[in-house]
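Across the two complexes that follow, subunit A remains constant while its partner is subunit B and subsequently subunit C.
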Partner chain A sequence: MNLWDQIIQQLELTLQAGPLTFGQVRGAFCGDLLSDVLANAAPGDLWITIHHHRNIVAVASLVNLSGIIISNNRLPDPETVEAAIKEGIPLFTTPLNNFMASGELFKILSDNSII
Partner chain B sequence: MDFTRGGEATAKIKKALQLVGMEVDTIRRAVIVAYEAELNIVIHAKHGSLVTHIHPNRVEIEAVDEGPGIPDISLALQEGYSTAPPHIREMGFGAGMGLPNIQRCSDELHIDSEVDSGTTLKAIIINKSRGE
Partner chain C sequence: MEELSQHLLDVAVNSLEAGATEITININENMRANTLQIEVTDNGPGITKADIARVKDPFYTTKNNKRVGLGIPLFMEAVERCGGSFDIQAQSQQGTVVTATFPHNHLDRVPLGDVAGTLITLLAANDFDFQYCHRYNDKSFYFNTRDFRVLLRDIPVKTPEIMVWLKNYLHNNIMELRRGKKVEEFRRTG
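And now, the complex of A and B:
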């Protein structure tokens, strides 16, 4: 199974918006302070957050993140979906909370020697 | 100003910097400076503008606004200091990290502010080529 498929299955992701082909996942970041994500997430990181407003797409796009996962069954705002389509950023939701989603993602990325 | 559209000015700056082929690290730092300055205008000021000058060896970003101004600039530069209201904090802003981020990412930073009038922020980011 490829990496994205593993992530989608283990984190129970639902795709809310995004391009047909996803970019490469080079790492991950979990955070809910936008200034922290902007300064400390690395290009290619998959970002887990509780936020669902449009600004998360701007941040993800500006620092070239590989995707956004909104945790805890929260749904993206309609403008967030629109922005994700426009920017070509994969946008997912998961029923897992930040901690559980990060734990699952950590396992997958370390099993694949990515982190 | 439409708060949810914050970042659009910065996205344009990023595209321009990529187009002229600035170093990846220069673009990253300029994007952080521009975004934090843009959001500070959107969140804290009434209106303002973001002007970028691109030189072969540096990027200059100037953020000028009309607004409440910053009474104590050295206090505002401290990590964690924020006057952002609760509804802004709920959205993940207002951690008091913006100005420290700007400071960390710029090689030169000048902030001038007048209370009840406005703020001018000018940052210079040197375009260091790899290995320099």
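And now, the complex of A and C:
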């Protein structure tokens, strides 16, 4: 099973928008303060956040993140989905909260020697 | 909180719980000055200087004083994390004014959110009148429940059909008002 499949399965992800092929996951970041994500996330990181408004796509696009996961069963705004399609950023939702999603993701990434 | 409208709801509920019967909400967005200001004025009993300090302090509150909670501290935090300004003042006769000013394009300023839904929620759960004035640069939208009640004559505002209509009316007008912004330029929403 490839990395994306593992992540999608373990984090119970639902794809809300995105390209046909996903970019490489080089790490992960969790945070809800957008300026902090902008300053401290690294390109290729998969980002877990509670926000569902369009600005998250702008941040992901600027930092060149590999994807966004919206936690705790929140749904993206229609304009967020629209922006994610336009920017080609994979956008997911998960029923897990920030902590649980991060924990699962940490396990997968460390098992795969990515972090 | 995820949307500024939730702070608005919180401040308005504070006012109503303190005995206000009329609330004036002014939202002022000025792109040239890069500000988004929310001002809530009520006709309640007002607030003492000592209470202003208390509502700003989340640790002062205890359960025996239900009026004061985390609402104001969270609102202040939302303002402070993007470098805005916050003020609570008692009016000279009666009533309180809460003013929050945000830098409009700051990344950590959460979106304004569903103001129409907030107003309808307030109206459905309380008996009070409100005035709503939303300015966006040189355009503005104004609504007040008193005139609306006159227009409805004998039909109560809380009739479900009226509430649904009003929600759409407010929503559409606010959307229309805010549409002129250059979102692409700022790469930010709300």
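Observations
Keep in mind that, in the parts below, the second predicted complex is superposed on the first by the 115 of 115 C-alpha atoms of A that agree within 3 Å, B and C clash if a C-alpha of one lies under 4 Å from a C-alpha of the other, contacts with A are read in each partner's own complex, and residues count from 1 in each chain.
Note that contacts are C-beta pairs under 8 Å (C-beta built on N, C-alpha and C of every residue); 3 or more make two chains touch, one makes a residue touch a chain.
Please read these numbers as outputs of a predicted model, since none were measured by experiment.
Steric overlap between subunit B and subunit C is present once the structures are superposed on subunit A.
In the superposition on chain A, A:A39 makes contact with subunit B only, while subunit C stays out of contact range. Touch criterion met: A:H51 reaches subunit B and subunit C at once.
With both structures placed on the common chain, the touch criterion links A:E79 to subunit B and to subunit C. When the two structures are aligned on the shared chain, A:V59 is found in touch with subunit B and with subunit C.
Among subunit B and subunit C, the chain that touches a larger number of residues in subunit A is B.
Shared interface residues of subunit A, touching subunit B in one complex and subunit C in the other, are 33-35, 38, 51, 53-55, 58-59, 62, 77, 79. Across the interface of their complex, subunit B is touched by residues 32-36, 38-39, 49, 51, 53-56, 58-59, 61-63, 77, 79 of subunit A. Contact residues of subunit B toward subunit A in the complex are 3-8, 10-11, 14, 28, 31-32, 35-36, 39, 91-93, 95, 97-98, 101, 104-105. Put simply, subunit C touches subunit A in their complex at residues 2, 81, 107-108, 110-111, 183, 187-190.
Contact residues on subunit A toward subunit C in their complex (touch as defined above): 33-35, 38, 50-55, 58-59, 62, 77, 79.
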